[in-house]
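A, B and C label the chains in the order they appear, each numbered from 1.
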Amino acid sequence: MTVDARIVVHRSGWSLDLELAVGAGEVVALLGPNGAGKTTALRVLAGLQPLDAGHVVIAGETVTDLPSARRSVGVVFQDHLLFPHLSALENVAFGPRARGVPAAVARRTAREWLDRVGVGEHAAARPRTLSGGQAQRVALARALAAEPRLLLLDEPLAALDARTRLTVRSDLRRHLASFGGAAVLVTHDPFDAMVLADRIVVVEDGAEVQTGTPAEVSRRPRTEYVARLVGLNLLRGVATGHHVDVDGGGELVTADSAFGPVYAAFRPAAVSVYPERPAGSPRNVWPGRVTTAEPHGDAVRIQVDAAGLPVLVDCTTAAVAELGLGPGSPVWLSVKASEIEVYPS
Amino acid sequence: MRPLLRARPTGGGPGRAPAFLAVPAVLALAFLVLPLAGLVLRAPWREAPELLAGAGVGQALRLSLLTASAATVVCLLLGIPLAWLLARPDLPGRSALRALVTVPLVLPPVVGGVALFTVLGRTGLIGRPLYELTGFAFPFTTAGVVLAEAFVALPFLVLAVEGALRAADRRYEEAAATLGASQWTVFRRVTLPLVAPGVAAGAVLCWARALGEFGATITFAGNFPGSTQTMPLAVYQALEGADPRAAVLLSVLLLGVSVAVLGLLRDQWVNRL
Amino acid sequence: MTTRRPLATVLLAGVLLSAAACGSGSSATKSGGDTEKVAGSITVFAAASLTGTFTALGTAFEKAHPGTEVGFNFGASSTLARQLTEGAPGDVFAAASGTTMATVTKAGAAAGTPAVFARNRLEIAVPAANPGHVRGPADFARPALRIAMCAPQVPCGAAATKAFAAAGITPRPDTLEQDVKATLAKVVSGEADAALVYRTDVRAAGTAVRGLDFPEAAKAVNDYPIVALRSSGNAATAAAFRDFVLSPAGRSALVAAGFDAP
C-alpha cells in the first residue's frame, strides 16, 4: 500500500475517524456531503492539519508528525490557489525549486508538465489571466511536477462551469491513469467519483459508510444519501426468499431470493404511475400522494409519499401532462419484481 | 455575444458621487491642500537662491533623505517580522501587543525622545553598558537620528503590513508548504510577494513620517548641522531665528523633494506590478 | 528638572508674597495716573527662563489687585515674538533679549518703550557628578566631551557666542538646541558633559546640575526687557503688571531666582 492511514480528529460536537488504504496507481474518491469530514481527512493527509489519534504512512514512511513540506504529497486545491504573483511556469517550477532543483532545470521540468496538461502556450501568463479550466490544469501540473508519492485533489472540478468541467474531467482521468503514485480525490459529486476513481469511499458524519468500486456503489447503495446521489430508491427490510418486509411497513416481491436484513434498490425510471389501482399484476403496488414534481433531464422526477416511504419516480413529460400530476395528486405506483436489486445489509 | 446587462447612462452611476459625500470630500481636500498652497504662495521665491545657498540647506536635505531612508530600512527589517507575528491569529495577548505597537503614534514625539534616552541614552538601560564598552552613545550622532525616526515611524509600517497580512489568503502558504517549501522559502517567495503592496504602502508612510520627524529627533539626537540637523530641524531653527521666510522656503523644498521621490517610486512600482 | 521646578516656584512664591505685601502700595500709586481701573484678565507673553519667577509674580499681583487674573504664555522669546507680530492677542511681553524685543517694537506692536527689568548671565552647567571634569569655558573646546549649547539664533546662543569670543575659545558643541531649557535638559539627562545656560536655569534645576561661574560671562549679559502691548484690551492692567515687575517687589523676586538687577 502506498498510503495507509487512520485519521482521527475531534472537534466540539463532531469527530472524524477514517481508515484509508490506497495502493500505487489507485485512485480513491472520498465521496460525501458537505461537512462529512472529507476535506479534513485530506488536510490531515497533506500535513496541513494535525490528527488527534491515528497515523499516516506514505510509501512506507510514517509521516504522522512531519510537516507538509517534508511529505511527498501534491495537492490540487478546489480554487487552484496558484500563486498570483508568479507566472504559470514559475508556479509549476515552484515545487522542484523548493526541493532544491536548480532554477533552470526546474523551469524545464515545469515547461514539460505544462505541455503535458495542454497549457504550454500559457507558460508566461499570470494566474488571473487564465480561465478556470486552464488554471486547474496548471494547478495539476504544479502538484505533479513535484513528483509526489501521493496526489490529493480537493474538489478539483467544483469551481468549473459545466462545459469546462467535462473536458477537464476527461483530461484529469487520463492524467490520473498515468500517475504512478496513490491518489485521493475529495468530491461531493458522484459523477466525478464514478468517472475518476477506482474505488469510492463514502463518508458521512465523519465515518466511512460504504466502500467499493464505482459500479458496486452505484448499483448497491447502502445509505439514503448514496442512493440519492446515484439516483436510486433505497428501501431497507427483512427478506424471506422472494419476499421482503419493508421497515416502516409494506412489502416487496423480488425476482432475486435473499434471507435476512437486506437493502432493496430500484431506479426511479422503473416505477410506473397510475391514476387508479392498476388491474393486472397485484404485486408491488402502493397508493401514494405526489409531494414534488421537478424536471429531471428530459423527464420529470416526481417524489411520492407512499404510506410514509418516499419514492422517486421518473415520468415522461407527456405522462405528467396526461395524468395532470402535481403536488397533492393521488397516484398508484408499481414496480416490477425484476427491477428490484436485493442485497444484504 | 450580446452583453446581458448594460450599464445605464442615466441615474446614479458610479461616476457621480452624491452630495453628502462630495461636499465633505472637497472640504477635506481643501483642508489638506490649502495650507500647502499657502506655503508655496508665501515662499520668498525672489530671494530663494541666496536663502537656500546660505543655511547649509543641502547638508540638511541630504541628511534628511539619508536618515529617513536608513530608518525605513530599519523599520522594514524589524517591522515585517513583527507584523507577521501580530497577524497570527493564535498569538496570545495579541490585542495588547497591537496596542503597544501603536503607542508611538499616540506619544508626543518629544516624549518619545525622552523615552529613548532612558533606554539608549548614555546613561540609559542599554546605552550605559554600550557606552562603557565601546565609548559610543547614540545621542548627538546620525545613528541617533535614524533611531529616533525609526521609533516614531515603525508603527506605520507594522500596521500597514499587518493589515495586508491579515487580508491575504494564508492558504497560499499552505499550498507552498505542500510543494515542499521550507518556512523561510514560503515567507520569502509567497508571503512577502503577496503582501508586497502593503509593504510598499507601509514603507512609503514610514519614510514620509521619518522625513518629517522633528520632536523625537531634536530631543534624542540633538541638533547639529551635518550630523543631526535634518530638514525639519533646520526649518524650526530658521523659524525661531532671524528669518522665518527661509523657514517657509525650506518647508516648500522639503515638500517638493518628498513629493518627487514618492512620485518616482510610485511610477517604479506601477510599472513593475 | 521639571519635577523640581514646582518646589522652587513655591519657595519663590513665599519670598514674593512677603515682598509684595510691602511693594504693592507703591505700584498701585504708580499706575494710579490711569483713569481706567486695574481689573480683569491679562495674558503675559514671557520668555521660558521666566517661567518660575513670573508664575509666582502673577499670583502676587492678583493678590495685590483683587479682581485681576494673570495668564501666561511661556516659550522661547523668538517664538513669542513671532506669535505677537503675527497678531496673537497678548497684553504684556517680557523677552530674554533686546533683539527679540526689537522685532516686536519694530512691528509696531509695543505700547511705549520697553524697560529692562532684569539681567541674566551665563553659567556652565554640568551634571552633579561632573563626569567630564569640566572646570571652565576652555573645556568646551575638548573634542572628547559632549557639549550642548543654544543655537546662535536664540538669545542664549547669541550670548554664548559673545562670551566665548571674549574668552578667545572656539567651542566644539555636539548639539545646538533651540532653547535654553532643552540645552539644560541634555545635562540633566546626563547625555551632555557640559552646557552653557543661564544662571537662573541652573538654579531652577536643583541638585541634578552644578553651576560653574566664569569671569567671561560678565561680557555676555542678557537684558530682559518688558513692554505692554498695543493690542491689549486691558491697557491699565497690562501697565500695572509691567510696573509690578519693575517694582522693588518684582526685583527682589527676580534676584531671588538668580537674575541680576538691571
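In the analysis below, contacts are C-beta pairs under 8 Å (C-beta built on N, C-alpha and C of every residue); 3 or more make two chains touch, one makes a residue touch a chain.
Predicted, not measured: the structure shown is a model, and the values here were computed from it.
Each chain gets a centre from its C-alpha atoms; the one nearest the centre of all protein C-alpha atoms is B. With centres defined by CA atoms alone, the chain at the far end from chain B is A.
Distance between chain A and chain B, defined via averaged C-alpha coordinates, is recorded as 53 Å. If each chain is reduced to the centroid of its CA atoms, chain B and chain C end up 38 Å from each other. Computed centre separation for the pair chain A/chain C is 88 angstrom, with centres defined by C-alpha atoms. Those residues of chain A that touch chain B in the complex are listed here as 46-48, 67-71, 73-75, 77, 81, 83-86, 94-95, 98-99, 142-143, 146. Looking at the complex, you find that chain B touches chain A at residues 169, 171-172, 174-183, 185, 189-190, 193-194, 196. If you check the complex, the residues on chain B that touch chain C are 114, 117, 121-123, 137, 139-140, 218-219, 221-225, 228-229, 236-242, 244.
Across the complex, chain B is touched by residues 76, 78-79, 82, 146, 148, 151, 153-154, 173-178, 182, 185-186, 189-191 of chain C.
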